[in-house]
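What follows is a group of structures, each given as structure tokens.
Look at the two complexes coming up: subunit A is in both, with subunit B in one and subunit C in the other.
What follows is the complex of A and B.
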């Protein structure tokens, strides 16, 4: 059972190497984050060089703090980053089922649990790896151009953001096993994440333990405040929700495959 | 364009290099892959001339898996 699972995971990782995911996803995450400290730092020289301003009109941009820059960099992971995660994950099960690969693999005695969880794990490893590399680069650039945020705070905020991004990935896997068409899975995932973030951002009072608040808590930590007490229950709920969604993915997938 | 003062090339070099790697990887993939969504020459143009977003767009939209 275990060795079978490892084989499936390896197959998944090799497949991601073949279509260059191991290169382009981390690089995209680096560029996404690093763009923030660079543009904030070089805004003044760029404006000067463009020279569009009339003489005498001095625009002094307020210099943002290191934490502000880092938080801004992180926000591109929760926007464009999420979009990339969903778009690259939405076909993880739906696509293969459409092309008949899933049916072919499942003819061999491969359990449904192994099949879905190995795929999920492959996607998660790629996501966490890419996000870590990208965020590390952003942290480093913020350090050399602005001020150094402690490495401990970096790791802590990395963990909190990873939990939230991991949940989004898991939800996309769930949608992918629920809908036959990758496009539908992707659309539903993005719409749900968007609406959910909006709701829990508005109803902050009642949504203190909401998974999407983890990023807010991480931002507060980076800004030098102490981590709110609600962060731990929020993290626990996120992990629980991830496990439940993964279990549901397996259940739904099994049901659909047996019906087919 | 005027010389932009105060920009340290040592800071920007790594970013430019990985940007270049991204473009090269996308081109290699485009050459190797059998068919894409939409014409190949169009993707070549997008990868080469749409900075940063071009290669990413190719990998997400243009690439046909399997």
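What follows is the complex of A and C.
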């Protein structure tokens, strides 16, 4: 059972290597994160190089704080980053079922739980790895160009963001298990995340424990405030939701007929 | 000794019953052909046996295996259109599948090399599957089905997509595999069934319409036929054939008459005598015994138009 799970996971990792996901996803995440400190810092020289501002125009660009730069950098992970997560994950199960290769694999005595969870784990490893080095680069450049944020706060905020991004990944895996067409899975995932974040952002009073609030709490932490008490229950709910979604993915997958 | 017992097997898709109740058993060590025209339900039947599809009702039971146990350990299955991870090499795929089937890493490696050799794609061991030809994919498919030494090897149309050479080689491979394991394969090509199988199950419109060994079927259906071709319209001989002894039935088509008789020897001398005595204006007199194709047609129903999906190939 365990060795089978490892075999499945290994295959996922090798596959991501062969189709270059191990290269382009981390690189994109680094670019996403590093963009913010670099442009914030070099805005004045860039403007000057482009001919400067017209005479008389007095625009004083406020120097952003290190925390602001970092938070701004993180925001691209919850927007474009989410898009990348969904795009790379939406075919993870649906694609294999559609091509028929899932049927080739699952006539072997492979447990459905292992099949789904190994795929999920493969995706999660890629996500956490990419996000970590991307965010590490952001933190590093912010430190060099602005001020150093403590490494502990960096790790803490990394963890909170990872929980939220991991939940999105899990939801995409669930959609991939539910729908036969990868595109449908991707669309539903993105739409759901957007709508959910929107609702969560407007109804803040009732949504204190919502998983999407984890990023807000992490931002507050980086800004030097203390972590709100709602952060712990929100984290617990996120983990629970992840486990439930993963379980549902297996249940839904098992119910479907493999050969369409 | 029975390996699999199937009873009352039914399958519906969106309210349409495709498999209408199958009852059959597979004997251990035999090679069984599931023969039928396209759309008869062969693939659906194999998918249910392999566990890829759940029957709507009925049961499939393997001897010495309880209801809840995972039968996939016992089965090797090759779908009609095998699909692989194109980025893997043949060796990687077989090892992967072997590990998934529960072999140790060493066993999987050994078995991989053994099977690549056996199915004749040894030279492509380290080649990406994306670059494989159709025939090579089919062979790789047989290898992956065999990796965990299954008790029952199921192949869905294993030779239909192959050219005559590939077909010949795969059939020879099956001939060899027969000695080691039970084989169930589907085909719409009668010659293939005739060539390698001990037993034939005729599947038509979701039902088994006939089954048995080749000999049994021949015996059951051999009502030898005599074909007469006349130089003129054969209608005027109608009363003559109707009045003849030994004739079971006859069919007149233009200038030819096909007569089914019970005793070929007697009928032959009887008709030869009459032909000579009455000086029939005959252009051809031919004695033919029934082929599998004739049996098939008969079993499937005489009144049906000849299904051109039943092809007879010359191999």
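FYI, the second predicted complex is superposed on the first by the 254 of 260 C-alpha atoms of A that agree within 3 Å, B and C clash if a C-alpha of one lies under 4 Å from a C-alpha of the other, contacts with A are read in each partner's own complex, and residues count from 1 in each chain.
Quick note on the criterion: contacts are C-beta pairs under 8 Å (C-beta built on N, C-alpha and C of every residue); 3 or more make two chains touch, one makes a residue touch a chain.
Here the structure is a predicted model, which is why all the values come from computation and not from measurement.
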| item | value |
| --- | --- |
| First (subunit B), second (subunit C), both or neither touched by A:107 | second |
| Comparison of subunit B and subunit C by subunit A residues contacted | B |
| Partner chain in contact with A:99 - subunit B first, subunit C second, else both or neither | both |
| Which superposed partner A:91 touches (first subunit B, second subunit C, both, neither) | first |
| First (subunit B), second (subunit C), both or neither touched by A:191 | neither |
| First (subunit B), second (subunit C), both or neither touched by A:47 | neither |
| Partner chain(s) touched by A:199 [first = subunit B, second = subunit C, both, neither] | neither |
| Touching partner for A:28 - first (subunit B), second (subunit C), both, neither | first |
| Which of subunit B and subunit C A:19 touches, first, second, both or neither | both |
| Subunit C-contacting residues of subunit A that also contact subunit B | 19, 99, 101 |
| Interface residues, subunit A side, partner subunit B - complex | 19-21, 23-24, 27-28, 30-31, 34, 38, 42, 44-46, 48-49, 51, 84, 87-88, 91, 95, 99, 101, 141, 144-145 |
| In the complex with subunit A, residue positions of subunit C that touch it | 47, 50-54, 70, 72-73, 75, 77, 79, 81-85, 87, 96-97, 99-102, 144, 148 |
| Subunit B - residues contacting subunit A, complex | 1-7, 11-12, 15, 18-19, 21-22, 25-26, 29, 52, 55-56, 59-60, 63, 65-66 |
| Parts of subunit A lying in touch with subunit C, wherever the complex brings them together | 3-4, 7-8, 11, 15, 18-19, 99-101, 103-110, 257-259 |
